[in-house]
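What follows is a group of structures, each given as structure tokens.
Here come two complexes built around chain A, the first alongside chain B, the second alongside chain C.
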Partner chain A sequence: MKITDISNNINEWFSGAGPHCDAVISSRIRLARNLDGHKFLSRCSDSEKTEILNLLKNVTMSLQIGDNVSYVSVDEASSLDRNLLMERHLISRGHALGKGPRGVVLAHREFFAAMINEEDHLRLQVLKPGFQLNGCYEQINSIDDRIEKQIAYAFSTKYGYLTACPTNLGTGIRISVMLHLPALKMTGQIKKFLNAARAMNLAVRGLFGEGSEAAGDFYQLSNQVSLGISEMELIKQFEATLVPEIIDYERQARQKLLEDNSQSLDDKVSRALALLRNAHLISSQEALTLLSHIRLGINMREHMGAETPALKSLCGLIPRNVARSEFIQTINRLFMLTQPAHLQINHGRHLDPTKRDALRAKIIRSELGGESRQ
Partner chain B sequence: MYCQICKKNDATIHLTEIDKGVRSEMHLCAGCAQKQGISVNSQVPLKDLLSNLLAVQPSDEEIYGSDIGQKTCPHCGFTIEQFTREALLGCQHDYEIFENQLLPLIKKAHNGKAAHCGKVPSKVPSDERKHMELASLQRQLDEAVRDEQYETAAELRDRIKKIQTDTPK
Partner chain C sequence: MKITDISNNINEWFSGAGPHCDAVISSRIRLARNLDGHKFLSRCSDSEKTEILNLLKNVTMSLQIGDNVSYVSVDEASSLDRNLLMERHLISRGHALGKGPRGVVLAHREFFAAMINEEDHLRLQVLKPGFQLNGCYEQINSIDDRIEKQIAYAFSTKYGYLTACPTNLGTGIRISVMLHLPALKMTGQIKKFLNAARAMNLAVRGLFGEGSEAAGDFYQLSNQVSLGISEMELIKQFEATLVPEIIDYERQARQKLLEDNSQSLDDKVSRALALLRNAHLISSQEALTLLSHIRLGINMREHMGAETPALKSLCGLIPRNVARSEFIQTINRLFMLTQPAHLQINHGRHLDPTKRDALRAKIIRSELGGESRQ
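Take a look at the complex of A and B:
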């Protein structure tokens, strides 16, 4: 598999489908595992790392996971390729920037990835569109069981799965739900959500870009505690209380926008559309912010039947033979394809930031039927 | 906007307080905010957190005598001093060898918990699995009683009894 085989496509987890897709982009579960009898990576020489890499590569490649799998050598990949894998959430920032022999085994539909020699010997992940953590766990647990038949993991009856950093100890599980919360942001209630999440020992990060800045109103909510609570108990917390409550707040905020402040909503959506269809230079940050408003507009029309003038004219742009849900996929695709590494790889070469901003604007204009498609 | 205390630097910290329905705002620069005892570090890097946590523990020498700082893992050559720098352990045995030093940190990171609960590899012998399962159910039972969820508690109690009676003495 070449990187360009995936760089033009939308990944399955970002398809805009799945349960509660108006507010939940995707669900992800990661498991951290280490081999029994091998040192953790910080104490391994390159030859020991290569030995671990080859062993885990063979094991993970041999699994029948219902899709073709490929291996990408991360240490040999170009920095652009590494950044693209990171933008697609197939590897972590740490894996992209790490040192020494390391790689990733990935399913072509991108629902599964196994990072080898990241912080731990093995980091498995399963990603699904919408809110479906049980589905993620079922799949990753079965993959983990099959790996465990072939190798022994470092495990203690007292502390569970032993990880290089004590913060991942126990189940080694990291549950993440990627949420799109533009109405909570617009109505100024997002801080309440962030504070509540932190009080419950949950980490909140952005989905795109560096640091914790939540560009495009995308928030990734993850557990931090992994010891002393079982996988199913944690999933139950997310499934039964946490996430449904947040979804509910976001929907209420959308309803409130519509009832009390529809002019401000229309203003945001219309401005976003006008800029996206006419701008000739657009930064990644600005594109994410504006596309987020468009995504909100279509979702409100599709899921709430909202009929404000701006939402009607926004949806009037969608060709007759295209369903609104498909149009959301087009918008999601733009979020991904306008990321810096995607732009450059799909264009075939390195571009300086100004050229990237011009190319980004051109792609968006063309997709949204703006003026001057050239 | 200038800092309202020194009136020289740009105000980068904006505080809104609502006390008994009365709203007041403060706009300060980082220096003056710090003098007022307002922390501006919203996120502490993990490494610093680990080092701080280890720093507030009684020193290794205080607990184990002067040689513990030099204690080295025979399996990977790791010392606790390296952990305070790198925030990563050297091998699976470090959890046992440096258990006393790591335990406060483990508890802090995991909401006070220090025992595994959840998936157990199938390779673990069945009597050990059963022992772990019982400990986990007992913990859930204690929590259910504490939260006054008596139906769940009764269910858990029955499961514990069943495992205990199934176990050959």
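Take a look at the complex of A and C:
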């Protein structure tokens, strides 16, 4: 498949839909698996890696997950293409920068992806919009079972699934929830949340790039340990207490913003839209932050019925030729389309950072009906 | 007179007109004078101060400078009124914060003001828009002569005019030129200019407040010594070399911006207008900076015929019901109207900083035809 078939698509998990989508972007479950009777990758020759790749590629593609499953060879992809796959959360930084035969099998609209020869032989992931870890687990569990009918995984009755790194040993599961917490950020309470997460041994990352700082008020929360706790217990922790509590704090912060500081909220939302519609140079970090404020504004109007002047005009400001639901989709799509690799691939060539900033601004202006579209 | 008669007026020196008005806001000459046969103020009792005040008030008002000369008693004015006079450059911080009987005589549209009982008995100033020091000197010299016909100044044939502080001794003259140097700022060359000015023993201040940091790319340049150099020599220094050189640097920087970095210029101008028309909270510092970028945009279009997309749309964006020349006047007026004391006096009462930021944003939005005027 061509990479541009991916770059112009909307990925389902960032569609702005799903349960609790006012504060949760997406839920993701990933399983780490290795083949029985094969060495871990660090000890494999390239020909052994090719053998593993072909076997796992054939098995996962044969399952026909979704309408239109496809394969991308990561070792043959350009660095720009690999960056695009990372931006879409289809491969990890390790997979992008790794060596030797490796690839990714992915379902149409990207709710499912299988990295082959990343750190482990196989890394399965299911990604869904909003907060729905049970749904993710159900689906990935069924995929995992269907694969296991065709091949034998490396498994120990004592340790569980064997993995290249001990942090993945046991269930091999990693649960991640991508949260959108702009009100906790605006009200200065985000540090408390970050400290609490760290104290619970959870990892917090940003929206783009595994090592990235949280930008645009997006925070991905994941477990770091998969040994000594069952999949269901871990999911229950996230589903029943951890994430609902954070969602609750964020909603309270939004309510408080509305009651005590609606002028500051209006200021942020109005400025964000004004800059997005008028800037001529815009970095990916700034775009994330501004789009995040628009997303907050839309959600506060939709989910809380907030009626401040700026939130009312936010809807009034939607360009005449664009329907309201389309506008929300546009905002969501822009998060992805304005990332560096997306920009360059959709433009057809490499661009230096200043040219990217100019192109990013131009795309946003044109999508949001900016005042000066030249 | 009532202070609101001043606060709603346009002061001539900030009208955006005059020679070299693309880079020079205003020219100002101030003379420090003391009465012969009277002590310096630090040694005067209040009754002696009252005597001096009445004498100098009567003399300066009798000259009928301009159409409509008026007097404000500074010691009887509220602190808000005193701040307004400072924002309009009619009195100094020292005069505002001082003690005892004191006041200011001022001409309509404020091209002339006489502070009485500031640090010296009399401080005369003439302020004109653009770069016209000779014009200022001619006028202040004639006023000074007319006063001297009625009273005797403290004068020594050895030292010249005697003043309370030795830095004003001699001619008692201070020359100030208010420059607008946004391109030197954007291109990072402003530090070079500031260092050179300091090396020449010149003082550099901002647009508002004697001790204020330069904000909004406005820099007031003044001499610090008035002994051992004649008025004409000093004016010649400013008129013939110093200021023309800076104007030239600024114009070169604008040309360079246009040639090498017009996207960044467009970005700054578009962002400024977008924020001014849409923000709901705006500090006086930010307002200055953003208005400064609009002023740069207008001037580059008017004086250099610059035709970048943002500069073209800047004119296209002028609200339909506003004429172009009016728009420039509006921008100039907003510099003054959005200062803290102006805001509060025109609003009729004291406001805390957040309420000021909201009112400032509202006034600007409404003046510039912002998208959300609520």
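We adopt the following convention: the second predicted complex is superposed on the first by the 362 of 374 C-alpha atoms of A that agree within 3 Å, B and C clash if a C-alpha of one lies under 4 Å from a C-alpha of the other, contacts with A are read in each partner's own complex, and residues count from 1 in each chain.
Quick note on the criterion: a contact is a pair of C-beta atoms (placed from the backbone, for glycine too) under 8 Å apart; a residue touches a chain by one contact, two chains touch by 3 or more.
These figures come from a predicted structure and were not determined experimentally.
Of the two partner chains placed by the overlay, only chain B lies in contact with A:Ser156; chain C stays clear of it. After overlaying the two complexes on the shared chain, residue contacts for A:Asn141 are found with chain B alone; chain C is out of touch.
In the superposition on chain A, contact is made by A:Glu119 with chain B only, not with chain C.
By the document's definition of touching, neither partner reaches A:Met300: not chain B, not chain C. Of the two partner chains placed around the shared chain by superposition, chain C is the only one that A:Pro309 touches, whereas chain B remains out of contact. Legend: residue contacts after superposition of the two complexes on their common chain; A:Leu227 is shown touching chain B, with no touch to chain C. Counted by residues of chain A touched, the larger count belongs to B, out of chain B and chain C.
Legend: residue contacts after superposition of the two complexes on their common chain; A:Thr167 is shown touching chain B, with no touch to chain C. Contacts of A:Asn34 after superposition on the shared chain: chain B is touched, whereas chain C is not. Residue ranges of chain C in contact with chain A, taken from their complex: 263-264, 266-267, 270-271, 273-275, 277-281, 309-310, 312-313, 317, 354, 358, 361, 371-372, 374. Listing the residues of chain B that touch chain A in their complex gives 43, 46, 75-78, 86-92, 95-96, 102, 105-106, 109-124, 128, 131-132, 136, 139.
Listing the residues of chain A that touch chain B in their complex gives 34, 36, 38-43, 119, 141, 144-145, 148-149, 152-162, 164-167, 169-171, 173, 201, 212, 224-233.
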